[in-house]
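Look at the two complexes coming up: chain A is in both, with chain B in one and chain C in the other.
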Partner chain A sequence: MKRILIIDDAATVRMYHRQILETAGYKVDEAVNGIEALEKSLQHPFGLYVVDINMPKLDGYGFLRELRLQDIYQAPAIMVSTEAKPDDQRQAFAAGANIYLVKPVKPEQLLIHVKLLLGEALE
Partner chain B sequence: MALIKTQTAQPISQDERKQARDCNSLLLELNNDNPMARRWAARDLTDCPTASAALLSRLQHEDEVSVREVILTTLTVLGDEVAIVGLVNCLRSEKVALRNEAIEAMKQLPDEVAPIMRGLLTDADPDVRIFAVNILESLRHPEVESWLISVIDHDPELNVCATAVDLLGEVGSTASREPLLRLKARYAKVPYIQFATDLALKRISDG
Partner chain C sequence: MTPLLEQFLSEARDFLQGIGEKLMQLEDAPDDAELMTALFRMVHTLKGNSGLFDFPEMTRVLHAGEDLMDAVRHEQVEYSQDLADRLLDAMDFVGMLCDEVETKGGIGAHHAADSARLAQSLRRLIASVDSAAAVVAVVATALPNELTKTGIVVFEGTLPPLADIPESIRMDAYRQACGGVDLHWLDYTPTADCFFQGDDPFFQARGTPGFLWGSITVRQPWPALDELDAYRCVLEFHLLTTAPREQLDEYYRYVPDQVLMIPVTPLFLALPQGDPNGGPKAYENFVDEALELLKANQLEDLVLVASNLIEVSSLELWLSSALRWLLLVMELEPENRDAFAKIIDSLRRLSSPKWTELLPTVSEGNLPPEPEPRLFQHSLTPEEAAVMSTMLDVQREILSLPIQANWQLGRVKAVAATLSSCLMASGDVAALAGLEAATAMALDEADSIPLLVWLDQFQLTRQSVTEESPANQVDVGVPVQPVMQETPLDIPPDATRASDGEAGAKFGRRAEDAIVGPKSLKVDQVKIDRLMNLIGEMVVSKNALPYLAGRAENVFGVRDLSREIKAQYMVINRIAEEMQDAIMQVRMMPVSFVFQRFPRLVRDISRKLGKEVNLVLIGEDTEADKNVIESLGDPLMHIVRNSLDHGFEQPEVRRAIGKPAAGTLTISASQESDRVIIEILDDGKGIDPDRVKRKAYENGLLDEATLERISDQDAINLIFAAGLSTVDVISDLSGRGVGMDVVRTAVEKVNGVISLDSEIGKGTRIRLSLPLSMAVTHVMLIESAGQTFGIPMDSVLETVRVPCANISSIKQSLVTVLRGNIVPLKSINTLLAIVAPPQANPDHELAVLVVRRGNEAVGLLVDDFRETVDIILKPMTGVLADIPVYAGSALMGDGSVLMVLNIKELLL
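After this line comes the complex of A and B, so read on.
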């Protein structure tokens, strides 16, 4: 089972995403900002990242840019944000996101994208 | 015998240093090519009460994170109206890092930010309203809960309400209970709101 890292400064959002993913059987870890996420991902690479944009210390774009430079596995990343402007999506993809979802995410919506990015069969 | 002039140490001139610390010189140094010079200038400008406008101007196109950090620290020390208005404008920036840094800076200015908070929470831009709720997170102020209640009762944007619910779970009292239940009913088909309001209500009832 691949491990997923949720990166968000909002505790409730982390708990919500964790509950969805753990209920579906995934192993999940959390980080509160991009710096903590980079430290964790360098110690133990993850199979997928669920990344918020607006975070203190290192935002989601900055995290993904660094991850893409350092992570030899190039694990997929879902960027999740309250911001729905086209420019936000453009920046997310330029930083290295595979999918851009606007908050609040529905459980089935998140799980479909996770499964697709992990190459798992949809039920 | 010829007198041998002993070589004495040159007296240390304070003029250069004084010159460098002069407010006008420091303002010029803000545009120095060397980031270290800009950083020192930004730091030393804490002694120049009218420096906020120049600091904000530099902040808009400063690429060095360490210089931006010092500029923001100096702005919070100055804490005047120009600094506050400038920080609010940073919330509208397309640069995510600058926005987040401004949020963190404004969290350090509870007394200065509080009078404009009602305006920020009703700003036309929902993103600014979300950032305003983020600022409330550590803005120790007696009206925080009532501001958040007003947000979840009246804000038309789901994500603004969602951000406020997250914080109400931490700072809310029993006064938040009914507004949270109203929000839960209003967004009965949104799983995140159901999850977040349940969590906030549980936290409040647990005390």
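After this line comes the complex of A and C, so read on.
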């Protein structure tokens, strides 16, 4: 079972995403900023990252850049942000995100993406 | 309330507090970019959080606040007092909404107006920069509410039309259509500059004859605010109407080119929706049975079976929805057996019945946009397939980005992982080999082109396959056996190597890393209280050990055992005390928790009163028990308000008497042994004792004789008396008074002491002394008439033994003289209605416990004094709660219950 790492400084958002994912049966871990996320991913790589942009210490862009520098399994990353500007998207992709979703992410929408990004074949 | 909502509220409060603080700090340092960013982030995050819930009133205000702060941050708008005031107002409003959510579970609709007004007032501040954008933003936020009232739902983005209509409306439409009316789906796309041609598309759409349902979508994603042109219409209207074609043509005769009218075949509306709930497998039995019945032409039985199943199923289920449609179609089109079969069969796949197959003649290019799944892989739903398409496009975009030498490899790997996951998810295992080959090549060359080439080819094949035959599997690149035991998503062996230790160390020593924030944990207070109670009982029950040791020695005569018990007691005692201390530490909070609201309070009130006051806070990190800190809030607030209102002079007055125009209010906290001392010091006009005396005399609090004798200090203390706190008396008094008795009561309730001294013209100092913790009460044990009672040590002044000869009686009251002061004596037996005279000791001395009653000393005659102990005082419960002379009870080490007296009530 692949694990998903939720990275967000807002506890409410983390809980929201966790609830959606856990209800759907996924295993979830959390990190409150990029540094903590990096530490966790280096200990044990995740199958998918759900990353917020604006965070203290190390933001989402910084985290992805550092992550993509590492010689570990490069899991897909969903960047989640309240901004829908094309510029932000481009920056996210340049940093190493694979998908860009605008907050608040609807549960179905998140689950579809997670399902595709974890490569779960039906049956 | 859900845990998510609780979490939101608790976090929201933290943010609101933080926002208030940051705003205050900004007033002193308006150019602090870091502060500004922190502030923006808080508003931003809070807005994001609120968006998770359906609190449009809250989100609207926060969104406006966020945009404003963003403009300030980017120096498009200048920071000003006015701006801070409005933001603070907005945050107060949000706080109020939070309270409402907490108490009522939701936000009342009546707040919408306030919310719009506040948001507008915030946006008006940005307006100078981009007035057009601001107008649009207001319209955009206000619009949905307006629309929902009229029964129209607004959607963003495109959605497959018919399935969007709520089932009840579709059923209604279906009924009407079977009754003979025409159904039309309308796509009305006003031109972008329609506003300049006198069109009112919304009005036009709403007024459509036969209007059943409507939705609005935007043609393209909303551009960023600064690129948005408010005067261009980007909306599309979608309607379902029952009006005849001619009437519709007539109605839209001015804009025929902007309207697409599609006749809707009634059956097309039969689209079951809902929660799959374990289906389709779970429904197989029913489907088989229903199809059998249909085949056997037992329609009545079919209706019965379906009705029974509906009754036991929840309304929201896909199953229920399908059954409702089945029954409705059976009722209205009893001949259409193919339709029944289609609906029943749809339960097998949980996808809408394919009505187009049933009615090929209708498809004259005029078909309504059909939610027919455009699947190329049977395992993906249409939504998933659409998302996958987008996902592939995005990966192409990422691969086309300029090369980032450093993390290019990681990025390529991540894209490859994404693509291969997509293949896995869509069951397209055959294409994996090609992808792998392309990935390997891309990594070799450190270039994304091989992957791009593969992706192009894959998407091309995917499209053509989709077009020709939906069932085919996509076959791209090198064909290999589709046996994929090791999925390429598994962690490659070298990754595991990197992950242990070596890479971790790389990040373990980063500079930023060293500053790990305080690791804190939010715990429900109930849990701490429980711990507190448990340790309380533990402390008490450990006291049984010395008692046991005593019995072992005295009753059973085993000295060795007694000694061992005592030794063990010492160990347990130490652990218990440390544990108690540790738990108390958990409950400790810094006084800054209370102090932090004062900068704002002082600023707001002094501005309102036209006074200038500087606030100085000292010792904010002094800690005390949570209960004590919380009980401190209201009295302090009262005192500070009073001080601002009555203590400080107006600036011109101050200048005239040679004081600095701005007054100084100092609030300091410090710890003195086991008490917290809070001092509130102002350099205002002070309290005039003569005026207090006069007022007290006028109010009947003082008789003439006392008026002559009373000292200035005692006179000032009179303002704590209850009778002096009526409003009009106070404003006359040069200083405090409003509710000072209330303050005193509140402070005394937590065993605190309040004192005040003041000098005319110089200022006033109020001193609160509070216990560090209220959890443990220090009591003295006394004995009387063979019973033991506890007396809180706070009220005990001293213990003396007075020879019987020194006790005299004046007017039937007993008194004695202690160090020249007359002390009235009361027998505790009498007070407790115990019929027994006080017992003197062999030296003919009576034990007198001198206690404090207000400002005077009273001696209690008891039989004997005993040791003092720490107890956990439990308030009286049940019927006993009505006996005020007892402060509570406590369990003693020997298992007995100690009654603790409330001296104040006892001497009343």
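Assorted remarks:
What we mean here is this: the second predicted complex is superposed on the first by the 119 of 123 C-alpha atoms of A that agree within 3 Å, B and C clash if a C-alpha of one lies under 4 Å from a C-alpha of the other, contacts with A are read in each partner's own complex, and residues count from 1 in each chain.
Criterion: a residue touches a chain if its C-beta (ideal position, glycine included) is under 8 Å from a C-beta of that chain, and two chains touch if they have at least 3 such contacts.
Here the structure is a predicted model, which means the values were calculated and not measured.
Once chain A of one complex is fitted onto chain A of the other, the partner contacts of A:D59 are limited to chain B, with no touch recorded for chain C. Here chain B and chain C are compared by how many residues of chain A each touches, and C touches more. Legend: residue contacts after superposition of the two complexes on their common chain; A:K103 is shown touching both chain B and chain C. In the superposition on chain A, A:T82 makes contact with both chain B and chain C.
Of the two partner chains placed by the overlay, chain B and chain C both lie in contact with A:V13. Shared contact residues of chain A, touching chain B in one structure and chain C in the other: 10-13, 15-16, 19, 54, 56, 82, 103-104. Interface of chain C with chain A (complex): residues 3-4, 7-8, 11-12, 41, 44-45, 47-49, 51-52, 221-222, 224, 379-380, 383-384, 387-388, 391, 394-395, 397-398, 401-402, 404, 406-407, 409-411, 413-418, 420-427, 429, 487, 489, 491-492, 494-495, 498-499, 503-504, 507-508, 510, 512-513. If you check the complex, the residues on chain A that touch chain B are 10-13, 15-16, 19, 53-56, 59-62, 82-83, 87, 91, 103-107. Taken in their complex, chain A has these residues touching chain C: 2, 9-13, 15-16, 19, 35, 38-39, 42-45, 47, 54, 56-58, 65-77, 82, 84-85, 90, 93-94, 96, 98-100, 103-104, 108-109, 112-113, 115-123.
Those residues of chain B that touch chain A in the complex are listed here as 94, 96-97, 99-100, 103-104, 126-127, 130-131, 134, 158-159, 162-163, 165-166, 169, 190-193, 195-196, 199-200.
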